[in-house]
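Down below are the structures I want you to see.
You will see subunit A twice below: alongside subunit B first, and alongside subunit C after that.
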Partner chain A sequence: MVNSDGQLFTIEGVAAGLIMLFSAYLVVSATSIYTPGDTHISDMQLEQLGSDALRMMNTPNTTATTGESLLQNITKNNDGVRFKETFLTFCNSTTGGSYDNLQISADLFYRDTLTNSVKQFHFAHSRNLTGGEHAVRVTGWVHLDLTGGGSPLSVAAPGIDPRVQAGLMEVLLWRD
Partner chain B sequence: MPDDHAYLSIDFLAGMTIFMVAFIWVATMIPGLLISLQGGTIDYDAVAYRTGVILVEDPGMPANPPWENKDDMQKDEIQRFGLALTKDNPNILAPNKIERFFCSTSFNYPDDYQRRVIFGDRPYSFNVSLSTFDAMMNWSVGDVKPDGGYGYIRRLVKIKQPSNATINAPAFRNSGGDGNVTGHVFSVHINCTRLLQDVRNPPYQIDPLRERIVVNITNLMNAYVFTDPTNVITLSKIIIYRQNPSQPLAQVRTFDTSYIDGGNTASSLPVIVNDNASVIFPAGFFYGMANENSHLYINYTFKLNTPDCFFNNSFTSPYDYDYSPIRVTQPLLKEGVVEVAIW
Partner chain C sequence: MARLNDDAQWIVLMGFIVSFSLFFLAIVLNQSTVVGQTTAEGVLEFPKNDIRDVRYEVLACSDLSSAVWGEVQKDMTSIAMDRKNAIVTFNITSAPPGSTFKNIFDIHYNNGVTAYNETANY
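Entry: the complex of A and B
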């Protein structure tokens, strides 16, 4: 006797299954991929700008003289005022001539021979950090030739080794 | 007795087919319908960031020969714009790439830029601007920025200023008896091998094959030995010779224009000169005629009305265009800023 047992009479179910599969495919293929930077666009923009400023300050304009970059010269001479002015000029300039309102605080990290540890030397700031700022952090290595130990940086930071070395310049950057 | 369970009618099959075709058609349109619901600002900022990276950190494609050497007839061969000098020197821009990128007669806004630097599926509006900190150079392409609601990135750069030579003519006055003639030749020597090998860091290198070469000859009115107020100097021709290894010296080109006595427009040769003559060989001028092993000689021929000992080094040695700061003003980097706005 023929009855309905085992028969594929649920053709509607098959059609619905196909529709669901197709819908799932559509949803998956339409998913956007977000990069981590997308969630903090303003931070990314500031980090990029600060990183560019450090890189440009650390690139000599010519090989005609000593080949020393501006950042090397400023750091060796412990010239915080010039660092602040130059860095702010770099990161606040726009093509239209208007001036952005970014502020900085910079520290130099070096190896201290007196305590055999890494020490932090406050280098420059344009505003005091109060804790309420939403600052980003950028860093750059500075090649320092402190051979002889007579440079202003060696005087200001007595524990710094009088030799050729790399220091780490850290800049906190925020918009006022 | 068999029943009709699980049998498909023709009507159902036809209906189902029409439904599926309609469904697929509508489904393929959905992404387009939803495009206006995307996170617009996030998308704009991401596109601005990507455009900034391409412009500032990428030298563009094709790289060799470089895209900026493609003329207007060949611009379809340019796949991607990029202003960086090389891939290893991000943020250091090449002036010839900048001039080509912002050339409004060569490239149309927005189509030519859309598919070579902005990319993306949407027809974005944009503005790209570049200026130096001293405001001596300003470039811009695109629409005027709206008051708000656009994606933005600002990048700091250094723009390479090519080398140039300024030659004081009286220092090369020929006082020998054989030089008391009407025709005088002064030769400038470009040793491509030395220029490309002595300095290998591209930001500070003199690259005659890719960069502009400028030769200024000054103070010609004081280069006479005998004072004759009726004498007239004519720069009659400029011929370029090339010597490759194991090949004889051969004439490869002539150059037919010069900026005379501080004028802003180039004059065709031959031309009368009172005091100074500047010749600007545009970037890429020597690219096709020389390689990294070539020696190039730029020979200036001056004619005088009456014989005199004049500006002439054909009896001594050519003037070397090299890394000596006494002879040649060396390449210099100039700070600038690039802004990209997308909306």
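Entry: the complex of A and C
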């Protein structure tokens, strides 16, 4: 009974089976199209980059007599332009010559003791948010000493208390 | 083909093998987009920077009186709950006399996925 006849039949049968299986796989997997954006790898990289930039800005320069970090200084002086420029320089610098194309929008959150509510103050943006951006959010606590209430931030931000407080700088970061 | 002419079976077999390796390579290429997804999601979900940031801010309260850092703590608790969906509390007590440290910090962080509790002497 056992002989070498029908080898091609066997091969064709196996091949046909595999082709059917593969077609079924293609049809089933076609319902979900997976793009590199779905894997969140670029989001992760962007968030790390933003967090690092914010941390760099919030690290005090030891040579400064006040011991104040750049972020504290900028926030207190309500200097949105300087914040934008510094943050984007940190984020957009590459080892090559050309700059990257990241954009930011930053808000400061603080607690108003009078109403015991969290308030939002728009701090800076390099481009208007339209809602179509795929932005990641990075945050950093800012230690603010607004005692006396004379700083530019106290004047600009509605309801901010003249005291030592912690504010949350929230930056939306996206690649344009 | 079979029975009609039994020549060149090896050539036909090789043809099948080559075409199926192409299919296989296509699947491998297709799967390459998802490489690193689990890693990226793991990194995104773990609030490393949040915890470090909370520590940094709490330790900045080192020289403040209890009335002042009490307000800072209320700030952090409210804002963290409002913006980050995380519970943040801390307590600062003076180190016992004779200790080499100045303060003892109790720091608590919990965002529902990751909990972090620390007692730090500084």
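Heads up, the rule we're going with is that the second predicted complex is superposed on the first by the 133 of 176 C-alpha atoms of A that agree within 3 Å, B and C clash if a C-alpha of one lies under 4 Å from a C-alpha of the other, contacts with A are read in each partner's own complex, and residues count from 1 in each chain.
As a working rule, contacts are C-beta pairs under 8 Å (C-beta built on N, C-alpha and C of every residue); 3 or more make two chains touch, one makes a residue touch a chain.
These figures come from a predicted structure and were not determined experimentally.
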{"item": "Which of subunit B and subunit C A:41 touches, first, second, both or neither", "value": "both"}
{"item": "First (subunit B), second (subunit C), both or neither touched by A:132", "value": "neither"}
{"item": "Which of subunit B and subunit C A:89 touches, first, second, both or neither", "value": "first"}
{"item": "Which superposed partner A:150 touches (first subunit B, second subunit C, both, neither)", "value": "neither"}
{"item": "Partner chain(s) touched by A:22 [first = subunit B, second = subunit C, both, neither]", "value": "both"}
{"item": "First (subunit B), second (subunit C), both or neither touched by A:97", "value": "first"}
{"item": "First, second, both or neither for A:55, with subunit B first and subunit C second", "value": "both"}
{"item": "Contacts of A:140 with subunit B and subunit C, given as first, second, both or neither", "value": "second"}
{"item": "Subunit B and subunit C contact sites that coincide on subunit A, given as residue numbers", "value": "7-9, 11, 15, 18, 22, 34-35, 38, 41, 44, 48, 55"}
{"item": "Complex contact set, residues of subunit B against subunit A", "value": "1-3, 5-6, 8, 12, 16, 20, 23-24, 27, 30-31, 34, 38, 41-42, 45-46, 49, 52, 90-92, 129-131, 133, 135, 138, 140, 152-158, 199, 201, 203-204, 325, 330-335, 337-339"}
{"item": "Residue ranges of subunit C touching subunit A (in the complex, touch as defined)", "value": "1-2, 6, 9, 12-13, 16, 20, 23, 33-37, 39-41, 43-44, 49-50, 52-54, 56-57, 60-61, 64, 68, 71-72, 74-76, 78-80, 82-84"}
{"item": "Complex interface listing, subunit A residues touching subunit C", "value": "6-9, 11-12, 15, 18, 22, 34-36, 38-41, 43-44, 47-48, 51, 55, 58, 109-111, 113, 116, 118, 138-141, 143, 163-168, 170"}
{"item": "Residue ranges of subunit A in contact with subunit B within the complex", "value": "2, 4, 7-9, 11, 15, 18-19, 22, 26, 30, 32, 34-35, 37-38, 41, 44-45, 48-49, 52-53, 55-56, 59-64, 89-91, 93-97"}
